[in-house]
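Below is a structure I'd like to ask you about.
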Amino acid sequence: MSGIAWHDLRAPELRALAEADAMVIIPVGSTEQHGPHLPVQVDARLAAEVANRAAARISEHRSVVVAPTVWCGLAEHHMGFGATITLDFATFHALIRCVCASLQRHGFRRLALLNGHGGNIKALDVIAGELKRELGVAVVSATYWTVESVARAFGEILDAQPGVAHACEAETSMMLALEPGLVDRDEMARVDGGRRGASASGGLYRFRGFDEMTESGVLGVPAAATADKGERLLAAAAEGVAEALLKEALWQT
Amino acid sequence: MSGIAWHDLRAPELRALAEADAMVIIPVGSTEQHGPHLPVQVDARLAAEVANRAAARISEHRSVVVAPTVWCGLAEHHMGFGATITLDFATFHALIRCVCASLQRHGFRRLALLNGHGGNIKALDVIAGELKRELGVAVVSATYWTVESVARAFGEILDAQPGVAHACEAETSMMLALEPGLVDRDEMARVDGGRRGASASGGLYRFRGFDEMTESGVLGVPAAATADKGERLLAAAAEGVAEALLKEALWQT
Amino acid sequence: MSGIAWHDLRAPELRALAEADAMVIIPVGSTEQHGPHLPVQVDARLAAEVANRAAARISEHRSVVVAPTVWCGLAEHHMGFGATITLDFATFHALIRCVCASLQRHGFRRLALLNGHGGNIKALDVIAGELKRELGVAVVSATYWTVESVARAFGEILDAQPGVAHACEAETSMMLALEPGLVDRDEMARVDGGRRGASASGGLYRFRGFDEMTESGVLGVPAAATADKGERLLAAAAEGVAEALLKEALWQT
Amino acid sequence: MSGIAWHDLRAPELRALAEADAMVIIPVGSTEQHGPHLPVQVDARLAAEVANRAAARISEHRSVVVAPTVWCGLAEHHMGFGATITLDFATFHALIRCVCASLQRHGFRRLALLNGHGGNIKALDVIAGELKRELGVAVVSATYWTVESVARAFGEILDAQPGVAHACEAETSMMLALEPGLVDRDEMARVDGGRRGASASGGLYRFRGFDEMTESGVLGVPAAATADKGERLLAAAAEGVAEALLKEALWQT
Amino acid sequence: MSGIAWHDLRAPELRALAEADAMVIIPVGSTEQHGPHLPVQVDARLAAEVANRAAARISEHRSVVVAPTVWCGLAEHHMGFGATITLDFATFHALIRCVCASLQRHGFRRLALLNGHGGNIKALDVIAGELKRELGVAVVSATYWTVESVARAFGEILDAQPGVAHACEAETSMMLALEPGLVDRDEMARVDGGRRGASASGGLYRFRGFDEMTESGVLGVPAAATADKGERLLAAAAEGVAEALLKEALWQT
Amino acid sequence: MSGIAWHDLRAPELRALAEADAMVIIPVGSTEQHGPHLPVQVDARLAAEVANRAAARISEHRSVVVAPTVWCGLAEHHMGFGATITLDFATFHALIRCVCASLQRHGFRRLALLNGHGGNIKALDVIAGELKRELGVAVVSATYWTVESVARAFGEILDAQPGVAHACEAETSMMLALEPGLVDRDEMARVDGGRRGASASGGLYRFRGFDEMTESGVLGVPAAATADKGERLLAAAAEGVAEALLKEALWQT
């Protein structure tokens, strides 16, 4: 699978991929607190993992390559727990813009921003829209767990919660599958992922720090996580993302 | 009702409202093509109308004032049909920032961005988040038809579509109620609001111009519109928005 | 007259106006304290009114349309009295730039920024100059009361002052003509619009807040205002602006 | 006189001037075409000369120092003749801001931008206003020939024109007094400084390149210039500027 | 050693490191063409490797943690060979600024930018200077091979060249030690790393693309590389960097 | 020699120089404290002097012109001693960009930034690189004392120090040659130019104010300065710079 990691390739190989109209998947995550039981790498790690697995499937049908992971995003809402590295929106925009512009200059015409962090979702859509118009190539954005077929599959696999919250059953399961040594199982069993105060704002948006919403920095039920679920979640995500990215209609400019 | 329009008040009255911790509702719309049957004012006009009606209800419980309408937003996707005025994201951000900062300097501490344009939704949430942190006052954002209670009510009132699309049954109905002279009823009866190509992208985002998605610039069923529905939609929107904005939990900073 | 308000038109009509090389008048005002007797809408309201009346005259000779009013500008000097919404220069520039760029993209080639606020005058000239070069279309700026023929006419109509100051005989008269219900006549009769300290700086410029220069936020003699004068002022402004904008030499690029 | 040129002083002397609440005059000019007979330094040279002479007078009453000359400004309208160096507005603003901020950080509290270029007038007023508020010290701007007492004196000295145009009787005279070797007297006698087309736009503003308005890059009557007039103009400018800057009311913050 | 990788730690551990005044090493590399024999990851990979090894040494004396690697920098000069992702200076500055500001907000006060890319050297020094002043904490920058003791050691280990060029004996050796499977040994033996044209510009700077300076994208002698040299280079770099970062005088603010 | 100073030329002469593909040398200095014995003009004065002398030599071989001196740069590290005017990096970049862009628009294709201030060196290289790519003309940067042949010559002329430090033997000697009246000889003999604390950081960079490194603002041995050395230094600098700028290979784009 390493054959499709941008970082592992040599320049002649990457020039050939541009020639072949390869799709480029750019994993975008975050580096932020994930409660007392998970390492801060979660969102970056999982976005990269799903990207790599999806690319392996896609490569059976067309050329594809996975860019290095953008490991920081918009995580101001986690700053209250320390451990978090956040960008402001303008910097996030500029960074993604430079990455995509470099790819466009080399001839790549199908760029997919594959996101693994809730705080990036709206911003990445705004950015993808501006970049498509500015660069004149296809730039799409997707968050792996909101791809429709993935969301359905996750709902079936998970027991305690319907989808992905934060440092939750889903994310903890996937980390148990990938990096069991980095998960603190005592904390995982003990931590309370309940929400403080009202759980919803009725369709309005207000910024809330995770330290306002939670005691622990966790939203969800980590205790329900297992490595087996994690492996199934990753497989489902890779399958759903690959299928979605292979649809030709997505890439019209 | 004019007593709560910022533009109609004199400076001593507005200073007194700041003293009284009044909520400020800032209607945010767009100026953009709305098909062959509706004027370009729709999103600005409806955001202002809902804001004014909601403020009338809110004023029975607490001080409130409605700012002048921000009549332009992110409407690049409508530029292909002419008639549209659009901002880039950075300008939209800067404009909303200056408006909110002025209010904060005068002592207002509860600012609500009430949106009436689909293309602004994600951007306004990003902006509201950054401004709350920068200005240290409560800044919330809401799109009138996605407020949960409003969405439910709209679903019950509408016949041909479940919610708000673009220049559709819902928007056309509300304009028939408010500005019947500006609606071209022949075009309204005739126009085809069908979507070209696939209707959905499976949870991924890609920027699409309305000229790619539609023949007419319309998404939805204008022919199903009536002024009576429009009046009921506006009443439901005002009630839902007012109720949501009156919840004290929304305004914690 | 509504036929030439951008906001009231439908997209096909606006596309036809672009085809017809219509002039676009963009009213630019401010939202700011206007003493104890006038509402904060004055500068925006009067710029729009003059634009609409001038456009009605112009439309006898050529195609013309009036954009929605830019209701905020550079009003830092009024912030000390509350009630005021101000932009910084960079945001004001970016906002006008986006509006003009949208028009240019739709094919409009004659853009007139018609200003009604003293604090915008120099800035709008700087902006109009930069935009003409950047966009390659004619962008002119004018403040209605400094158009030479208008200034002469105002001098003849007014009794207590030669031209427009702030919340003064002229502005109060025009608001009495347009919105008598929003003028507080007791305050209008009572308010002292005298200048504190030296009235002039001998041709040098220094920024001064209105709270430094005045006790009341007013410069001029509101007590001398009448609705009749207001109607004559508006007619003179419309006539002078229309005549000036119809001169072909103005539009060379 | 060299004792009050910033560039000629040593750090301990400048620290003492800050301690003494010295006024700082910052000459601002331009580097731009001045017809076939004058060198491009005119606006920078004359702003510096007036600043130095005014400072000599001011120094009899209070501490004062003249900063190095900002020799470039907004000269886009001269670019068509070559030889011109221009800034865009944002860069001009940032440059003046850094200069003034440095002075403020060292304790200077009276900053005067003394301008010698028509294209800078409006922009410098906008900038001076923003800087006064941002830095919290007095920042004033003045163009030497629009200081009221200077304008009157110039009217009396000049024969062929009432004030300063461009590369005209006034500027040519002053350059004859200061740098006779840099004036081409044949061209000075021959050049036509007439305006092409209408001379005025009736109080409206539109950007015009000098190559549109003139054949030669000159506006005015260079042939009427003499070194004697030039010396008298410079003396009058220095006297008027000094007198204006010494008025204590100018420096309130 | 994973115990000091930011990405592998959980939030409580990182909060404890801030409490303990831990040094943070931020590896900064580039993603760019490295000739036909090396993968594009080289500069990012080696900066991270040296950072991790140096941190292991430093951790014997004081708390330290290694941030995720900034894998893109200023690589415009490699764009001609494809395969390269580059930032403009403003984006690079903003990105490093956000990372450092996040760390400072969490209480970290010793930030070291450890660079592995020639094109970043000057820019990182400019950035480190601006950030130290802005953030009020110690921000130092270093390029591993220009640390004096490292440069000396490299000179002794290398045979064909005195230090680090590009995709050269040094970099190829280190990659052979770390990622032998990613090095193409045929290309490594064959590639010509000679410089085209004059090798130096006599102390002046002009931007040159690598495609102007080289045929292959390589500067140096890859054929001289061995894994054994690579291991010794890495050990020397780690030792020299650790020693330099442990000097207390470096961290004065 | 005045015939090659941009400021002394008339527009037709400068247009002819552009036609003749003249090189433009842009002196870049700083205005900053230079100890108790030297005026703040040193870096700007010496950059201009070397530029003028080098241009005189160059003019024997090809057309050349010297732009007005950019007298401010990055001097934050001297702010602690007062007397200093500094830009931030973004403003410095924008200023140099506007100057070079103006020249490019007039047809000049060989632009040399000739620097005389240590704090500008890295920044100017970054800027020259970005401008060459943006403007598509040759933009080179050089600091006069780091040109290789100049550095060698300086080493031979100087007695107490090998090259240029700050307000040192070299700079003081050159100022004695050019502006003896502005040098305070008592202070020159007395001032201690020793460095406080460790003299070097082993190849790492950290920002240090001159008030941290020195007691006096001086680094070097002013007492060893003589006017004769100064004249020889200036001659050597002019010769070395001229020779380097005449090499055709420097100007490839």
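First chain written, first letter: the chains are A, B, C, D, E and F, and each begins at residue 1.
In this section, contacts are C-beta pairs under 8 Å (C-beta built on N, C-alpha and C of every residue); 3 or more make two chains touch, one makes a residue touch a chain.
Worth saying up front: this structure is predicted, and the values here are computed from it rather than measured.
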What is the graph distance from chain D to chain E, where chains are linked when they touch?
2
By that same contact rule, can you tell me which chains touch chain D and chain F alike?
none
Where are there more C-beta contacts: A-E or E-F?
A-E
Look at all chain centres (mean of CA atoms) and spot the one farthest from the centre of chain C.
E
So how far apart, in whole Å, are chain A and chain E when each is placed at the average of its C-alpha atoms?
27
Averaged over CA atoms, how far is the centre of chain A from the centre of chain F? Could you give it in whole Å?
50
Averaging only over C-alpha atoms, locate the centres of chain A and chain B and give their separation in whole Å.
31
Chain F residues touching 2+ other chains are 88, 90
Topology of the chain contact graph, where touching chains are joined (line, ring, star, complete, other):
ring
Cyclic chain order when read starting with chain A and heading to chain E:
A, E, F, D, C, B
Chain D residues touching chain C in their complex are 74, 76-77, 88-90, 93, 121-126, 128-130, 132-133, 138-143, 146-151, 197-198, 200-207, 212, 244-245, 247, 249-250, 252
Residue numbers of chain E touching chain A in their complex, please.
6-12, 14-15, 18, 31, 33-41, 44-45, 67-68, 71-72, 79, 81-88, 90-91, 94-95, 97-99, 102-103, 105-107, 182, 184, 187, 217
